[in-house]
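In structure tokens below, several structures.
What follows is a pair of complexes built around chain A, which joins chain B in one and chain C in the other.
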Partner chain A sequence: MTTPFIAFCLSFLALFLFYVILTLALNLQWGQAGILNFGLVGFVALGAYITAICMLDPSTLEYIDVGFGLPFPIAFVIAIIVTGIIAWLVSAIVRLGLEELAIITLAFAEVVHIAISNETWLTGGTTGIYISSFLDEKLGLLGYNVVFTVVLLVAALLVYYFTTKLNFSQFGRISNAIRQDEIKAKSLGINTVSHRMKVFVIGSMIMAAAGSLYAYFGLRVVPELYPVGLTFAVWIALILGGSGNNRGAVLGIGIYMLMDMLARLYLDIPGHPEIAAGLKFVIIGLLLVILIIRRPEGILGPKRSRYA
Partner chain B sequence: MHNKAKIILQCENLKKSFGATRAVDGCSLEFQEGTITSIIGPNGSGKTTLFNIITGFTPPDSGKVYYKDKDITKLCMKSKSYALADLGIAQSFQLARGFGEMAILESLMVPPTIADDNSLFTVFQLLLPGRKETSRLEREKKAREMLKELGLEEKSAEKLQDQDVGTQKLVELGQIFLLGPSIFLLDEPLAGVSRDKVPILLNHIKGLREMGKTIVMIEHKMEPVLNISDMIYVLVKGKILVNGSPDEIRNDQRVKEAYLGVSSVRTE
Partner chain C sequence: MTSQVWSIINSFLLETFILFILAAGFFLVHRTAKFLNIAHGDYATLGAYLVWTFVSVLGWNIWIAMVISIIAMGFIAIGIDQVTYKYLRGAPLALLLCSIGVGLVVRYGIFMAWGARFKKIAFALPNIEIFGTVISGSLILTLAFGGFVILLAYYLLKYTGLGTSVRAVADNSLLAESFGIDTEKTLKFVWFLSGSSAALGGVVLALYRPLTFEMGFMWILLIIAVSILAGTKIKFPLLLGACGIIAGGTELGLFFIPEAYRLGIGFVILVIAILIRRVVEK
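Right, the complex of A and B next:
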């Protein structure tokens, strides 16, 4: 096997792991607590762009005025914290009424997208920001992809461990209770709004972390890396695999990406690349419809607690 | 007979309208500690609305609520139902509400019985490897004791939604008991409960009174109400028609006409 092929496989694996983290974060919010977050990609983009801006040395790019030249670890932490604060503000505005939040997050992601596309002084507009990594300079193509994949693997395992532990703890039990019957949860002395805000913020911070890592290893941030479609790819994957089940989340995104790749490889009609892209969604849509009718709880079904 | 008992909860001139409907129209009630007070009245007379005001689910238009001589109207106004539960006012619902997908045991683990281990700080501590959730076993133990108390031990792993109404109401009673409240507001605890489960529920409610808890109850089944209540309020069209001991209510002509229907009341 040639080095570029292995490098390609590794980068595909890295992309998969990136999606795994996002699906796990969404499972924390939607699967366990019933929070509709339709603006997932906005939080990912925020994490990525804050990292890029923190790391950028403004003297290297003439069309951007702001940059701090910080090393990646610091930029990573700042990205997570700032996104957490923004997520908290977003949820505080609507005090987390579920329907309101669904609309607000959708709008939020759109605002983020428009902002990063147009605020050239800060984000480089459609050209984006290039990130320079010392790893890129020292390691070859293969070595770089190995490091990239291993880091994302560790991150995905950590997120899996953390979200599973969280879901099966009292914190997750309360999320689960609120999702099932908010009024009852309130009557039992649970501050449901504050709890949901915590879940929303934690989930959004995980999304930002994934965005930050992926941007650093991808060496570039551009608006088209963060389309609305990303949000719904993750949603489809979670519903496919089983909401409220971390294993289902991983399985779902695996199936989604496999189908995505197979569609690219085999549905390709020479001269008409757009057919493959369209057919892919037709097939995924069809599969989803069949699944919702036959098995609405997803392939694996929920596993929200250790007791049931 | 309970003259010396302390008034624990007091409502003063509560009013609540929904559009042109005056659901609660100037109600003043007093509840004595350690007694069972029942609120009866025809459908739509405002009983549940009155409950929801006291538990902070429906903010009143005007009026005051005092709990242990403390003005808690503000909490009611701001719909801080969870804060009221913390204070010691707990509510069960007309249609039993629980967390149907949970095992019965786990649904009894939801009430925050153990000092809050729900803060963001504790949550992030879970990230540390090998960190155990120590409170879980303690919580589970309390839930198991409660199940035993309710006589539902063998059903601990069954889902709540698969149970009959009587069992669901028992679990609900257990859940709010675990909160350790001083006042139990029970909205039709016997509605939909099969005949064989009624005495079990009534025994638990009487047991609560023996423990010194205060019970306020809305109920339609007349016999149990007249049997176990210490005081009865009759609510008609959002107003209190009359209040008194079960015997007084039984013999009150206005009540017979307004609510019970003259012929249905046996005079003993």
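Right, the complex of A and C next:
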């Protein structure tokens, strides 16, 4: 076992934990409150880019015009708060009609992607932004990866604990009531629109936090790290594992990553790179269709409180 | 000056009619099957690729290739509906998710079958000169196709039995069923029209730009925007008007905002469209 191999395994584990946080956040929105968010990757990218811009040292600017040189913890908090405000604006615009929100978030992610690819003065365009971390120089490759993984593990556990608690609290029961029957929930005096907006903003803030953490430890942000496909990957993982069930969400993303890795290792047809590249998405699409038709509740099925 | 004005009018007309032909089938499905079919743009792409294959590989006449492709896409749309959407009737959110899966399969299926390289349908049309301005043959063809779609829709919906049942299902499918209308048969008809008009849209797109596997998908946000803006009844003139508003808005926006944000402008118009609909519905 050489050091680079262990470092590789650790970074793979870190990627898994990053996806786990995203899936849990989406589960909060879709599994509990029934909100369709197709702009997941937009919120992740926002978190990552705001962190990077806040941390960029103004004295070393080359092709980017803005940088604040803030330490990571402050940048992290700013990223979460700003993304929260943007998520609130997005949801406030449409007052959360569900189909409309699905389309608006899809368009939102697309616009974020165009903006970060084109606004070179702010985001570095396709070159992206390099983040300098003092940990990187002190700890060396292996130590850095260990710290990275442990921090993400703690974050994932916290999010897991938080979302599970939320699901079984009064807040979660209201979410479940709205998802199951909005009119009935309204007749019980629940302000369904404002409650859904709260869930949407909280979920988006968790996504931004994950994006921010992963960007800080990845030391770089570039547009191609945040493709629209990431959104669908997380969606499929959630539907696969079982929406409304945190354990299902983790299982789903685990299966998804395993499949992805196997496809990368074994799905290599010499001379036809299109087939290998396209087949992955075709399989994802087929899985999505089959799961929604045959087993909409996922492998584990939903786990609700007794009152939900 | 005149040429500048003409070029703006030209691109406005083009955008309006391409969008209208692409959105017609989506609109019909949106109003009857009651969901947003994200895969619609990919149907258009598939239709265009079929035409390319018939013309460039098999060497058929372009017009025959078009007709065959349009009919084939109608049946493909019915087939896809029968194996996927049929099981999810009446669940718009599940249908939306499912159509994303279908879109992925069709889009990357095209990518696997035809590759990533640009394709171009060989299609030479003569230009026509009226009052000193040259009008391109492809623009005339686009306008003619748009007119054909709107007239055909008018005739079908107003004067045929199936068209009447389409309107009944769109208004209230439960009520329609209790009056003895075969909803499934009606939906099959709707899917045929949807798939074939998507293929027509793909062909029109292919008149101007080389084929790529994502060319239809790029239009889906605008298609959704016009369909939402066009209101809750199946009225194709309203849909054409909505296309005009969106295309005009985009053309106006491009005066102030760089070309890279074309989709962003569409997004803003979509938000405005949704807000307008909310206000009107209240």
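Note that the second predicted complex is superposed on the first by the 282 of 308 C-alpha atoms of A that agree within 3 Å, B and C clash if a C-alpha of one lies under 4 Å from a C-alpha of the other, contacts with A are read in each partner's own complex, and residues count from 1 in each chain.
Criterion: a contact is a pair of C-beta atoms (placed from the backbone, for glycine too) under 8 Å apart; a residue touches a chain by one contact, two chains touch by 3 or more.
Since this is a predicted model, take the numbers as computed values, not measurements.
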{"item": "First (chain B), second (chain C), both or neither touched by A:265", "value": "neither"}
{"item": "Touched partner set for A:118, first chain B, second chain C, both or neither", "value": "second"}
{"item": "Which superposed partner A:36 touches (first chain B, second chain C, both, neither)", "value": "second"}
{"item": "Contacts of A:275 with chain B and chain C, given as first, second, both or neither", "value": "second"}
{"item": "Chain B versus chain C, judged by how many residues of chain A each one touches", "value": "C"}
{"item": "Touched partner set for A:97, first chain B, second chain C, both or neither", "value": "second"}
{"item": "First, second, both or neither for A:189, with chain B first and chain C second", "value": "first"}
{"item": "Those residues of chain A which chain B touches in one complex and chain C touches in the other", "value": "none"}
{"item": "Chain A residues within the chain C interface of the complex", "value": "34, 36, 38, 93-95, 97-100, 102-104, 106-108, 110-111, 114-115, 118, 232, 235, 239, 274-275, 277-282, 284-289, 292-293, 296"}
{"item": "Touch list for chain A against partner chain B, complex", "value": "158, 162, 165-166, 169-171, 173-174, 176-177, 180-181, 183-192, 195, 198, 202, 302, 304-305, 307-308"}
{"item": "Complex contacts: residues of chain C adjacent to chain A", "value": "36, 84, 87-88, 92-94, 96-98, 100-105, 107-109, 111-112, 115-116, 221, 224, 228, 258, 260-261, 263-264, 266-267, 270-271, 274-275, 278"}
{"item": "In the complex, chain B residues that touch chain A", "value": "55, 57, 81-83, 85-86, 90-91, 93, 97-103, 105-107, 109-112, 117-118, 120, 122-123, 126-127, 133, 135-136, 139, 157, 159, 175-176, 179"}
